[in-house]
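Take a look at the structures listed below.
Okay, so chain A shows up in both of these, paired with chain B first and chain C after.
On to the complex of A and B.
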């Protein structure tokens, strides 16, 4: 019995970690900016493409392959530094205070643009670069062989949950963010530079998205259409957890990861449907998600 | 005056394929997408964005293919049954979806349509997977036509339906039920206090919009001769939203103006570039930022509505 349960749990955790990387940036950006960034999935796949390109470059120059771990992080920082301020200042700030319909349409337009740009720049063939995964080797747990990379991903996911919580509760920037989230006008009137907070929070969201894409590429590769799939999955997770709730997103990732792994074990053809089935069930019972509340949305 | 303008526009559309036969297919497809965009525009009036309406478009097109496979071979019957099928899918999805607003409504529509797309693409035994299903040339009132003749019949039928159904939708939007949609957008709670069940208002609108999208999909299926899962893909839904917004949600003609504009632009653009989504995305952002009332809003300022 236990021999059957442990692999299932580890698989779910590894799956949940990847799902969490996709969703956490979306929910963070929503909690601060109150804008659902429909282009979030594209930023995820751009992170993946950039990371894969750098890793392939490292492989082609026969540099020390351990550089590719740094490359994963570096590519996420690059994507965040370029796209974060550009998109927030250039596009999203014009939608503050407008109806949600306008916000969704504007970011959806951005999504279409980014998807086509990726197709033009990186082509339509799929990328597959698994050097970071092969380097780490495998571990045998209870007779089942696991990739150490998967275990690293689980660790990273926990680090990000704890890191974000520390950032928000115990740093000056975190307190400023909390103030803006709680009452934007009041924060502005006591002299907080809300524009700066928006840029920083949005860029942090982009960083998390790109990091997710970069970390996922060695395990699953990257192909056109990943952005759309990721966006819908990320929204499903964010909605289950309650939009804007980071711990909610973590719990929701576990639920969706478990649902997905169970689907793969029991009915493989339903793998793609499982996350949405989980979302429908949760939203039917709690329309605002597990941690969400109707009145106040907090980090 | 406006009736004259509209009649003149329809007349020009009817005569265009006589002058340039290659336009017939483009115009048929434009009218088909116009119907679907009109469906999206009906919901936009209530402030609800559906980025998943291509699902109903595809559902009816698949309905036609399945019925044709089962032996139904009459254009009228196929159209009516498949549109009813689209409306039925809309009623089932709507029961669940009209409880949500704004972001949740938009993204849940997207999610449901992605599931539909995945099922169409994966269930190879039933739907033919990504190869899709053929839509044969049906008989028209018992008369078996050759393909070119059928395509002409289809075009003029679509044009006729555009006028008739356009007028019907106009009536609906001007009825109390239609005005209640705009009221949902403005203040939903006030509407509840007036004793109007918002849930029912929205469900009716949702089913109507699904049926309109279904009609468009059925026409498109006949015009193309094949149904593929890409009919339901999210980019298709995005194009429908763009058509609705571009044309303007103020009146029925908006959706068709937007569809004509975009289809003609598409025919011109594919000869130059294959980055069509890029153009769509940029246009969408520009239209929303600078002309939220759409093309129709520029033509008919009085009754224009914006997002």
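On to the complex of A and C.
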């Protein structure tokens, strides 16, 4: 019995970790900026491409392969530093206060541009670099061999949930973000530089997206089209958890991960629809998501 | 210029005149259209009738519409096909083209989906320069394009179309497959497996979630059940095509503890699966069959003993291929230009172009050296027997192909830095195919264990 449950549990956690990395940045950006960033999936795949490129460079120069781990983090920082301020100042800020349709159209346009940009820069073939995965080896649990890298990803997901909660609740930046989220106009009136908060929050969202892509690269290839798939799954997770809710995204990732794993184990033909079936059930019961709440509309 | 080409040009000229002089001004639209179309038709018919010889004149260039995946995860399989087409067309043109006419290709990316592929096919077919389509890679696209080929009467050579459903009705006039199909391709694996591992009891399957994956699973399972009825299928997984992550599927396969894992994943999906499955011990705990495994031999470190094949005879290092100087030359030229040796999709594409050239040569021999029409070309393909880079491609009267099937296992040699195929067998193409018009699954169900006894054994092809 235990031998049957352990693989289910571990696979669910491992799957949930990858899904969480894809969704948490999207939900953070929405919570602060109130913008649904359709280009989020592209930033995820750009993170993956940059990480794979740096890791391949390390391998080609026969440098210490353990630098690859640092490269995963470094690539996410680079992507966030370049794309975060650029996109927020260049595009997103023009959408504040506009209707959701305008925001979605503009970020969808950005998504198309970024997808083509990836094709131009990285080509159309798949990218692989699995050095970090190979370096960590494997562990046999419940008769099933797991990659230690998968276990590392689970730990990283927990660290990010805790880290974000600490950032929001126990730092000055977090309190400023909370103030802006709670009442943007009031925050401005007491002297908070909301523009700076928006840039920082958006860049943090880009960092989380790029980190997700970078961390996923060693266990899965990066190819054109990944951005779109990621975006759809991230939306499902954000909707289940409640848009803008970080703990909600974590719990939703777990639900989606469990749904997918159960489908693969028990009814493989339902694998593709399982995350969306879970979303449907949750939204039927709680239309604003697990952690979401009804917001009063200002007139 | 062909008669069809002349008609199109005349009609377009008249349409331009109509627009230029605003013939429709003040006249009801329907009448103007009727008059102009009538004039166009009459004039075109007149021109065609008056110039019968012109219909057979050689064009300045022969256009081929070539359909393959040049982007997305499937490009890992599609690009070697495109590379081979570039190389082979260059070789054909260097020798004077086809019947003295240089060949040029327009590539269509199948990653745009069936709707886009159909639109591109229509656009290319509308240009008289494009007399032949080499389409397609994806079985789904082949099935979508086949009715269009019949409707537009364009000879269409399925360079990779594997699905046995493509020519099952036996009524096709313009669609040809100079390859095997899913039936011989996957029966071959069942026979090879049972010869190599006769005590197999449990099998797990992981195939892509579309027609090719499901058809292959159905055929492989049916063949196993017919040849060894006590075999049990303990898991059947169909991950989405283009899925980047197989970790949960790998756990599921491990917990099923099968004797054999069978897969016809391909392209980047196959590379992803192998890279993720190898460190997790799948290749040591089970006998793995990767039906399209040859495509990743040079890119992924596959362990020894994995059963792989080439869905046909397109193994550039097979004894037959090595005996042909032109194949060796092609492989070396491919390596020099693209940095890797050709994989079997490359060979399939090259063979398809050889097939097209052979059809033109045959049609011109038959009609006294004149440039053939599309109908004459299709006639030349039907029932043909063409020597390819790796064997013989025979076309039956139902336009389906017969090619041999090569299967083996991965082995290391000192000659190459990557694993190659060893312990090979080469099954005759017709030995694994039902008769034209026969239901393939019903035919497989009639097979008995004795069927395999009369076939060559692993290691017999040296």
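Note that the second predicted complex is superposed on the first by the 294 of 299 C-alpha atoms of A that agree within 3 Å, B and C clash if a C-alpha of one lies under 4 Å from a C-alpha of the other, contacts with A are read in each partner's own complex, and residues count from 1 in each chain.
The rule we apply is simple: a residue touches a chain if its C-beta (ideal position, glycine included) is under 8 Å from a C-beta of that chain, and two chains touch if they have at least 3 such contacts.
Please read all numbers here as calculations on a predicted model, not as lab measurements.
After overlaying the two complexes on the shared chain, residue contacts for A:272 are found with chain B and with chain C alike. Residue contacts after overlaying the shared chain place A:70 against neither chain B nor chain C.
When both complexes are overlaid on chain A, the residue A:121 reaches neither chain B nor chain C.
Of the two partner chains, chain B is the only one touched by A:113; chain C is not.
In the overlay built on the shared chain, the residue A:239 is in contact with chain B alone; chain C does not reach it. Of the two partner chains, chain C is the only one touched by A:216; chain B is not. Shared-chain residue A:104: touches chain B; no touch with chain C. In the superposition on chain A, contact is made by A:94 with chain B only, not with chain C. Residue contacts after overlaying the shared chain place A:86 against neither chain B nor chain C. Chain A uses residues 119, 229, 269, 272 to touch chain B in one structure and chain C in the other.
Chain A makes touch with chain B in their complex at residues 36, 38, 91, 94, 99-102, 104-106, 108-113, 115-117, 119-120, 228-229, 232, 235-236, 239, 243, 269, 272-273, 276, 279-280, 283-284, 287.
Every residue of chain C that touches chain A in the complex is listed here, in rising order: 70-73, 75-76, 79, 111, 209, 235-240, 242, 244-245, 247-249, 251-252, 254-255, 268, 271-272, 275-276, 279-281. Of all residues in chain B, only 44, 47-49, 51, 96, 99-100, 102-104, 106-108, 110-112, 114-115, 118-119, 122, 234-235, 238, 241, 245, 275-278, 280-285, 288-289, 292, 307 touch chain A in the complex they form. The touching residues of chain A, counted against chain C in their complex, run 4, 7, 10-11, 14-15, 18, 119, 124-126, 128, 130, 133-134, 137-138, 143-147, 150, 216, 219-226, 229, 260-261, 264-265, 268-269, 271-272.
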